[in-house]
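Shared chain: chain A. Partners: chain B in the first complex, chain C in the second.
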Partner chain A sequence: MVPLPAYLVLGALLFSLGMIGVLVRRNALIVFMSIELMLNSVNLTFVALSRHLGSMDGQLAVFFTIVVAGVEVVVGLAIIVEIFRSRATVNLDDVDLLRG
Partner chain B sequence: MELALFIPFAALALAGGLGVIASGRAIHSALSLLLVLSSLAVLYLLLGAQFIAVLQVIIYAGAIVVLFLFVIMLLHMATGEPAARGVRPWRAGATVAAALFFAALLSAVVRTRATADLGAAPGFGFGTAEAVGRTLFTRFLLPFELASVILLVGIIGAVVLAKGALTLRVHAESRAADEAEEPREEALTR
Partner chain C sequence: MADFAWTIPLWPLLGWLVLGLVGGRLPRRLVALIGCGTVALAFAAAVAARATFPGEPQERTLFTWIAAGAFSVDAGLLLDRLSIVMVLMVSGVGLLIHIYSVGYMAEDRAYSRYFAYLNLFMASMLLLVMGRSLLVLFVGWELVGLCSYLLIGFWFDRERAANSGRKAFVVNRIGDAAFLIGVLLLWTSLGTLDLRAIGAQAATLGPPVMVTASLLLFTGATGKSAQLPLYTWLPDAMEGPTPVSALIHAATMVTAGVYMIARLFPLFTHPVTVVVVSTVGALTAFFAATIALVEWDMKRVMAYSTISQLGYMFLAVGVLAPAAGIFHLTTHAFFKALLFLAAGSVMHAMHNVIDMHVLGGLARPLRYTAGAFIIGGLALAGIPPFSGFFSKDLILERAWEHAVGGGSPVPFILGLVTALVTAVYITRAARYAFFDQPHRESHPHEAPPVMLWPMVLLALLTVAGGLLGAQRIGAPLLEFLAPQFAAAAPHEAAPGLFVPVLSILAGVAGVAIGWLGYRDRRDPDLGWVARLFSRHWYLLDLYDGVLVPAAKRVAVLLAGPVDLGVIDRAVNGIGALAAGGARGLRRLQTGYVRQYAAIILVGTILLMAYWATR
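Entry: the complex of A and B
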């Protein structure tokens, strides 16, 4: 039997890894993947607590997170492709102006 | 039994997480992300969330990672990022901040000592598509409808973003063609 804190600590570790990725990496695509990593670590926490509480609500939260993450990826990647077309770069430090 | 599955897949997830943030090439990060997502799907199965595990494989591993791979290949980025421009202290600071954040989370987990066990095994039908669907269409009906609106907005947004560049380019090309054509007409009339 795996204790609940094992899942929670794993989720916390994955979230911290994603946080480091977002803060340190400058490639927009890798930053994006780190955000996905953070979303997934929270999903793991939701599912573990859903099992612990014997309630389906946590799994529903994960369902909606997956929906929103899908939309976020589609729009975000479209924006990254658009930036690459106009600037020929995906480095976040090169796109620090709101003005095109 | 559960522990024998949990430990290797948790380790795989952590290794994949490290790979996402530490690999030099974006494509290696995407493949590491795939590793994380599939190990998490196994952990969801261990937690009795079959439907979520299937969703994880189909949507995350199937659709989202493939989309990432498409974009990486579309942008044909051989290299990751240019050499960091004086971000060394910043990098250390970010790592320290993340470590502190992890410590905060850990202390929160430790403080909830009452939840040391996962509780009784879930009853039959827990986490199935039926259970999720039943909850979705009763108590979560409004969020469900809102999710469909968000999906619609996402579709429209992606089409507009992709098409915007296309129409702009077509305009530019037709304008260039017009400018190329006009002198010829003048020459003809002259």
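Entry: the complex of A and C
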């Protein structure tokens, strides 16, 4: 039986990895994957706590996250493809039309 | 009351809409038809109103205009005896002048604009005399002022016309400011702006409020009706087309002040107000008549004459004889409109020459015009049996009763002297323009029938109008108005012969002096008196030399240091503050997605730290 703190520490590590990926990588696809990593680290935390507390609420939240993440992939990838088509790059620092 | 009667102001308003929007694309005949036809419909509605008038005041509410807490004003119309007399006179005389304009303005480029303005004026004036609340009256009051400005400056490419329009607007504004304060004072002390309610409750006001409110409203009237000291705009208003002078600056708009006082008559019964109104009226009557005596521009003679006759009307309402004032208002509308139309016919024949120095001998070529002018002039001079005699005589009788009854004798004395001066200046003008030998050869042509017929009809009204108030035959107009002014000063039923005889003597003597003393376009040498008159008793020096330069200096001060230095700086400073702040804040928007993510992260950590330490 793996103790609960192990799951939570793993979730926190995965979340931080994803966070760092979002902050330091410029390739939009990598950033995208990092976001997925963050989402799933939260899922792991949810599931672990659900098991620990004996409640189904956490697992319910995980299903929501998975569905929303699927939708987000569809929209996000479409946007990235469009950006690539119009600019021939997926470097996020080159996409700064909203600069004030 | 027939429903048709309530549409009186609607028709000219429709005419204005049509002519104002598409008039420029319509043929001239159609423009003239719409311009005159709508006024004819208004006149027909006014006749219907008189025919179906049940005797009691009739009211109709159109909609609730303002509802703000306790302050509520309905846009409503009122038809009672006074407003029926006014709408009949305004729409009737207005119709004749519209028809005259068809001929007078035939050559003008801006034909449809002219009729659009004229129709708007008719609608505004009819609204003014039919308004049920003081605020509706004020709307009409301001709208006629606007139309006056537009029509004085109708030929705005002439600098003098444009300036005269502005002058009329500015001078009227002074009076209107006082008028508005008076309206607000009445609202705060009575809690209503309904005209009939104000009349009914005026007696419950304390004397200080009553005198203050009545004098504030009277100040507004001195602006609109060109009385001392706000008379200066009316002579300059003669820059407009002559039919406009006849309609707005003689027959209708300038009488609005008299109408307003007659309408709110119970408010003007305090002794102090009586003295002020009657004295200002009498002084203005005399003052303007003396200026007319030395004026050479025929239309300006008429303008001073109008100021003077309006003074008579204020004299009448001042000495608590509003019915006499309204009677004179009506006959004056007839004969002064006639005189103006005749003067317009002279201008039409002489290619816009109106300086009496170069007129002369027009009685032969312009027979009808001369006849019209002489009929109007005799009425103005107060020669019986013309209408002006009856109304002026009635005013003098009331002023006499006022003086005998313990009031001030000034109105009567000045009124009588003015009757003499009036007869002199109008005889002088008639003689110079129509009888003396012409200055140089010219071939004037009589006006077309479309201009002559309105003059003929007005001449008939001028001759017969006296019957409306001739007491020997029952005075139908005065009888009709009597219930309206139940609170007016009572007077003996059988008038004596003393005042009429004096009044006739003054008129006849004036005509004789005018005919014998003035010939060959040379005024008798009056020395310093002539200078006194032509400088407006040195009021012109006060206005042009002191007040206007002072006002201009104040204006320069306000425009420069105050407006540019304080107000504009404040406004621009607020704008610069916002712009500077925005310039700083926009640096936050770098466009780097990763930076936004970092800021979100920092923000989240800060929030969590806050929650954790709380």
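As a convention for this text, the second predicted complex is superposed on the first by the 97 of 100 C-alpha atoms of A that agree within 3 Å, B and C clash if a C-alpha of one lies under 4 Å from a C-alpha of the other, contacts with A are read in each partner's own complex, and residues count from 1 in each chain.
Just so it is clear, a residue touches a chain if its C-beta (ideal position, glycine included) is under 8 Å from a C-beta of that chain, and two chains touch if they have at least 3 such contacts.
Source: prediction; values computed, not measured.
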item: First, second, both or neither for A:Q59, with chain B first and chain C second; value: first
item: Contacts of A:L23 with chain B and chain C, given as first, second, both or neither; value: both
item: First, second, both or neither for A:D93, with chain B first and chain C second; value: both
item: Which superposed partner A:L37 touches (first chain B, second chain C, both, neither); value: first
item: Comparing the two partners chain B and chain C, which touches a greater set of residues in chain A; value: B
item: Touching both chain C and chain B, counted on chain A across the two superposed complexes; value: 19, 23-24, 26, 93
item: For the chain B and chain A complex, residues of the former touching the latter; value: 2-3, 6, 10, 13-14, 17-18, 20-21, 26, 29-30, 33, 36-37, 40, 43-44, 46-49, 51-52, 55-56, 59-60, 63-64, 67-68, 71-72, 74-75, 77, 80-82, 84-85, 87, 90-91, 94-95, 97-99, 101-102, 105-106, 109-110, 115-120, 122-123, 126-127, 131-132, 135-136, 140, 143, 147, 150-151, 153-155, 157-158, 161-162, 164-165
item: Complex interface listing, chain A residues touching chain C; value: 19, 22-24, 26, 31, 92-93, 95-100
item: Contacting residues of chain A [partner chain B, same complex]; value: 1-10, 12-21, 23-27, 29-30, 32-34, 36-37, 40, 43-44, 47-48, 50-54, 56-57, 59-60, 62-64, 66-75, 77-82, 84-85, 90-91, 93
item: In the complex with chain A, residue positions of chain C that touch it; value: 585-594, 597-598, 601
